[in-house]
Structure formats: structure tokens, C-alpha cells
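Letters A, B and C mark the chains as written, and numbering starts fresh at 1 in each.
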Amino acid sequence: MRPVALLTDFGHADHYVGVLHAVIEREAPGAVRIDLGHGLPAGDIWNASFQLRCAWPHLPTDCVVIAVVDPGVGTGRRAVAVTVGTRLLVAPDNGIASAVFEASASVVLDWRRMGLDQPSKTFHGRDLFAPAAARLACGADPRDLGEEIEINTLVACPLPDPVITGTTIDGVILHVDGFGNLVTNVRGEEVEGSATATWRAGRRSRRVATYGEAQPDEVVLIEGSAGYLELAVNCGSAAEATALERGDAVLFSRNLE
Amino acid sequence: MRPVALLTDFGHADHYVGVLHAVIEREAPGAVRIDLGHGLPAGDIWNASFQLRCAWPHLPTDCVVIAVVDPGVGTGRRAVAVTVGTRLLVAPDNGIASAVFEASASVVLDWRRMGLDQPSKTFHGRDLFAPAAARLACGADPRDLGEEIEINTLVACPLPDPVITGTTIDGVILHVDGFGNLVTNVRGEEVEGSATATWRAGRRSRRVATYGEAQPDEVVLIEGSAGYLELAVNCGSAAEATALERGDAVLFSRNLE
Amino acid sequence: MRPVALLTDFGHADHYVGVLHAVIEREAPGAVRIDLGHGLPAGDIWNASFQLRCAWPHLPTDCVVIAVVDPGVGTGRRAVAVTVGTRLLVAPDNGIASAVFEASASVVLDWRRMGLDQPSKTFHGRDLFAPAAARLACGADPRDLGEEIEINTLVACPLPDPVITGTTIDGVILHVDGFGNLVTNVRGEEVEGSATATWRAGRRSRRVATYGEAQPDEVVLIEGSAGYLELAVNCGSAAEATALERGDAVLFSRNLE
């Protein structure tokens, strides 16, 4: 049986995540379940897409992933199961899936074909995505779940690319993590080791290799665990220290030699 | 082996939930465990009861449920295992169980009969409920855990019913969920599709079928995933937008024709 | 296969905890995983050490524990696997392990010996600790993971002992739990049943056995579930009621007879 990984913005104040787990266990008894995270910013498809991209390479190779950040639940937006190499992704077709580049096939989930009750208008995680993932975990072919569609019709929600101009790179903060680290869209290999980041007029950060090299309360530039450069304060919060937020600009200087 | 589902107000800042899991794994190795939620409002039996009712129909049919919101821990309040159809519920006898209507039998948990050490005065989740659930997961008969009691002696904590008067229904907010949706005690089928909700003098919400139909920042009325009507803001928080709280009144108008 | 328990300060806003789970499942398919808690104060080794000590006795006897609160990640601090009776602890060598007294052996984790890619500078949980735990779960000998070291070279981070002077005990708040209970370093058996705690000039709390004995809003002294005395408010938060924090002093009076 395939393991099932779950990523949502459902939070922890409710039974919502628990019901996803319950439905999977009910429909695929004994399936391994992995919580990839449920504290994502509510309704933020961009953030979900970024987190999915960061986690993706580390998942079991036969994993079925449910990613539900779904402000369009109940409207005409499609629900899809996407084949990506040996893994499968079940999600609303709202751009989350576009974080995963190598999609080779996709179907539109069809509750009638799956023999399900008509889904509610407000909780497709429970009524559609979890039952679909359970079937896939048990070995179903995605084409048993609905009609195939062209993968180039999947909704795109591309993360912004950095803008490179000579010795400078215009970046943007993609994500504020739980430690208050400010993760940008600029990858470590794009900037020289001695480069700096300017994040507000007169405020500049030097690059370090480890959090431990930072002075107390110093805002430093560091390559984070997914390869993106981030502003960080060791044993502190760069978000609090800088008052920067998701979407704010960070300017990187490169040493061209 | 039966799966075990866990619902508590223990939160995520501590090892408390983890220790429940550890005890269950120690006493019932390999048992499937499902987190139904641990971020419930502390000590709020009414809320726990509501969430349990919403999740209940979706649980595996042979599930053992531990529900621990237990401000009376260590006092004379009873600890019980309740049989509900093919499922079992282990909880303090403080009204949580009254969300589950079809109870057919109950025992009072007896640590001596279970061969346990005397429980602490402050953590029966760890010392009594988790070991009891582990035994039930392994196939024990509830009567192995303690004396049978009359189910009509279980403490009741009924959720308030809406008050229907002609074309109006007086409802109340039962729960503020993690998205800031304000869930009332009025069920969708009790109100016509074109009805409105008045939640403060001069403030009224129209009913929609999906979150996506709401205008930006509009507070709308929608039937939530458990069948109850809720006030919601798409990609926003109705709790923030309205400053309403659990227990506040919402007045519904029905179109009688 | 041994079960794996996880304790971190990674929080719930990100994929970080999920990736630990994914790596363990990928490297040790089907291994039982137990979340001991991920909401610990960021970078607070002292707190992690305390929580580990409280949870330790309740873990399965063959458990492999990953404890990652690691502000020194990527620096010269060692990563270790420590044998403690029949259990194993994988952690940075920064004092977390010193909560566990009966260590009998330890190795320094060596990514080359384990055949791993060179770890990142910022996420050893994913790149080193989780793969190491997975190998141990599958039955590896700790000496397969790296060189043995003397256990007396492990970094110590001792929790402060209470200071006993005649009829008074100077204690300190070790931990503020999710309910707002203020957990001190003084154990229940060190103080007579009729003792009191003075936590600010003119503010004193009586000792009770159960939360339910407290008057509404009363700050009481109670022996918590791990044996330490704590200040508590039933159905409320002692942290809010007193404005006390981790590290603040509490003075206990003993009745010597």
C-alpha cells in the first residue's frame, strides 16, 4: 500500500485534519499517513505551492500526496489527481500542483465514477480528496477516478522569479517560517559567497553559512534547507527584527569577477 | 486491532499529547492512531462535544475514541467507556459523551480492575484513558475495564437548540473554527435557501452555497461541512470581521410560503 | 522494527516536521512514528531537556527518540546517538541529552560512515538525525553510525536544582505549559501537603490535590503530572493571572515538625 502525505491550511483548532485521517484509515485501513503540515496561511495557494516544492524531493517515491488549500471549494474549479514520476498528487486545480514541474498525466476527480456520495460544497478534503487518495493508496489507477485531461490545462500559479540585472538581483520574500526566518525566491547558488542583501534603505545583511555565526540579534543572510536564501536571526525572529513580510523586496548584490 | 482516535485540549506546546501516543503504542504496539485534534479551547466541554459530534460519522466503524477535556480530573467525576454502535468512546463523564446519542452501554473505568498503578491527580489521559483505550484496541471487552452503569446516569451537556418562532429562528454561535468561521447551532435544512442572518442591529448576511460566491470581505451565510449554518468571509476571518464570539446570538429569517 | 519518537521546536507553520516523518518513512518503511511535540520554545535547550525528561518514562522500551532543538546546527557541535538502557536518543550534543541520566554509551554521528550525502548547514534533522534514527529503527547498531565517545564528554545542560534553607525552598519556573500552568523545579515530595508558595510579595498560593478544588480564578499550588509543583488556575491560565514567566522565582514554605 502506498503511503499518503497530507498538506493543508486547516490548522489545529478543529477536527478538520483529523477527519481527513479518519476517512483515509476507513477507506484504506493501515495505510501509512504522513502530516506534511497543516498550519499554512489560510487560502494562500502561493505559500502552499512553495512548501510542497520544498518537501517534494524528500517524500517516499511511491507517495500519494493530498494538498488542500482550497478557497474555491464548491465552485467550478476542478479537482485533479496528477501523476508526477512515481508519485501522485491529489489537489484542487488552483495552481498548487504547478509547484511540481514534471507532471506526466492528470485526471479530473469524478465522484460519480468513484461511487461516492455527492460532495458537500465546503469540505472536498473530506468528501473527495481523501477518498481519492485512499483509492490510490490501495493501488487504483488514476484513470479509475476520472477522465484524463491535458496536463497543459492545469492552472498555473508560478512563483515569481528573481530579476537579475548586472551585479544585483531583485528578490522577494516567499515565506515567513515558524522561526521567523524570511525565505526569499533567490537560490544560494545564484549569489557569491561574499554577497550582501539590502532589505531596507541603509539596512544590509552579510552572508553566513550557519545560524551560529550570527552575532546576537544580528540579521544575517543564509542559505536555508531548501536552497533558498533567507534572512535570519539566530535564536530569534528575523520577521520581528525587520518587520518584513511575505511579498516584501530584498535586493542582493553579486560580486562579478 | 481497532484504530484509536484522540481528541483533547492539550495543545501543542508540550509533551502531553505525545505521551498519550507513547502509552498507546507501548500498551498496544502497532495500533493505528488518528489525531482528531488537540487545539480545542481549554476546558470547554461544550466545544469538545460539538467537535466530537461533527467528526463521529466519519470515523472507522470499529474505532476506539479517547476524548479528554477534563477540568475535573482527579475529583470525584467518573471516567467511562461508552459503547456506541460498533465504536467505543473513552472519556471523563462530564458531558462530552452526550454528543453521541446512541450509547447502548457504559462502564466506569476502574484502575484496580485494569491492574494499573494508581492514577495521578492531574493526568488521567496518560494514566487511565490511554491504557483503557489500548486494552479496547487489543480487543478487550469494556466490562473487563470496570462495572457497568446505567447509560441514563451519564452526565449530559446538551448543546443548545435553536428557538423557532414563526419566520424567525434564534440561533447561537457554537464554535469559532480555525479559519474564523462562526458555526451556529442552526442546521442548513431548517432555513430556506433565500434566508438571511442578522447578527447585529443593521448587519445582515445573505446565504450562499460556496465560499467563492462571497464578495471580498463580505460576511456571508453558508452551510458548513457538518450541516450547520455559519458566518464566513472567503479568504478571511468572520470572527475578525464581526467581532462575534462563541455564545453570541444570530437571528435567522425563514421564508414561509 | 523499533518505534521512533520525535521532539522538536520546528512548530506547525511549515513542512519541517513533515519532512522528518517523510525521511523516516522513506528510510524505514512502516516504522511506527510518535510525535512527542513540536511546539517547544524555539532554541530553548533547557525546555526541550525538561520535556524530554518528563516524557521519557512513558516511551516504549525499545523506542528511538529524535530530539532536535539545535541553534548550533552546521557549526562544530557534535551530533550524537546515545544509548539509555534499552532506548536510543539521537540529538545534537548541546545538552538535551543530559536530561537522560543513565546513558551507557554514545557515538558521534558520521554521515560518511552512514553513506549519506553531505548534510546541509541548516537542517540536520532532515539530513542526519532522521536517517540515523531510521537506521536504528531498522536494527542498526549505534556503532554502525559513527565512532564511540566517552559519555562523560557529552555536553551538560543541567536543570537548576531548588535551594533548600530550613523551612523554605527557593524554586524557579522551568516551563509554562499550553494551559498556562507554571511548572517549577520543586518536586511534590519535597514539600509538605500544607505548604504554600509565595510567588510575589504579598501573593501566596495554597496547595491543592486537584485542579477542581481551586476557586474560580484562584492561583493554586498543585503537583503536576511529572511530579513537579506548579502554579495553576482551573479553566484558566496562571501565566496570564500572574504575569510570571519561565525563569521567575517561586518561594516554597515547608512545615517542619
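Operating definition for what follows: contacts are C-beta pairs under 8 Å (C-beta built on N, C-alpha and C of every residue); 3 or more make two chains touch, one makes a residue touch a chain.
Everything quoted here is computed from the prediction, not taken from an experiment.
Shared numbers divided by all numbers used gives the overlap of an interface; between chain B and chain C this overlap falls below half, so the copies present different residues. Least-squares overlay of CA atoms from chain A onto chain C yields a rotation of 120° to the nearest 5.
Computed from the mean C-alpha positions, the centre of chain B lies at a distance of 30 Å from the centre of chain C. Multi-chain contact residues, meaning those touching two or more other chains, occur in chain C at positions 12. Chain C makes touch with chain B in their complex at residues 3, 5, 7, 12, 32, 34-40, 51-52, 54-55, 58-61, 63, 175-179, 209-213, 222-225, 234-235.
For chain C in complex with chain A, the touching residues are 10-19, 21-23, 25-26, 29-30, 42-43, 71-75, 77, 120-123, 126.
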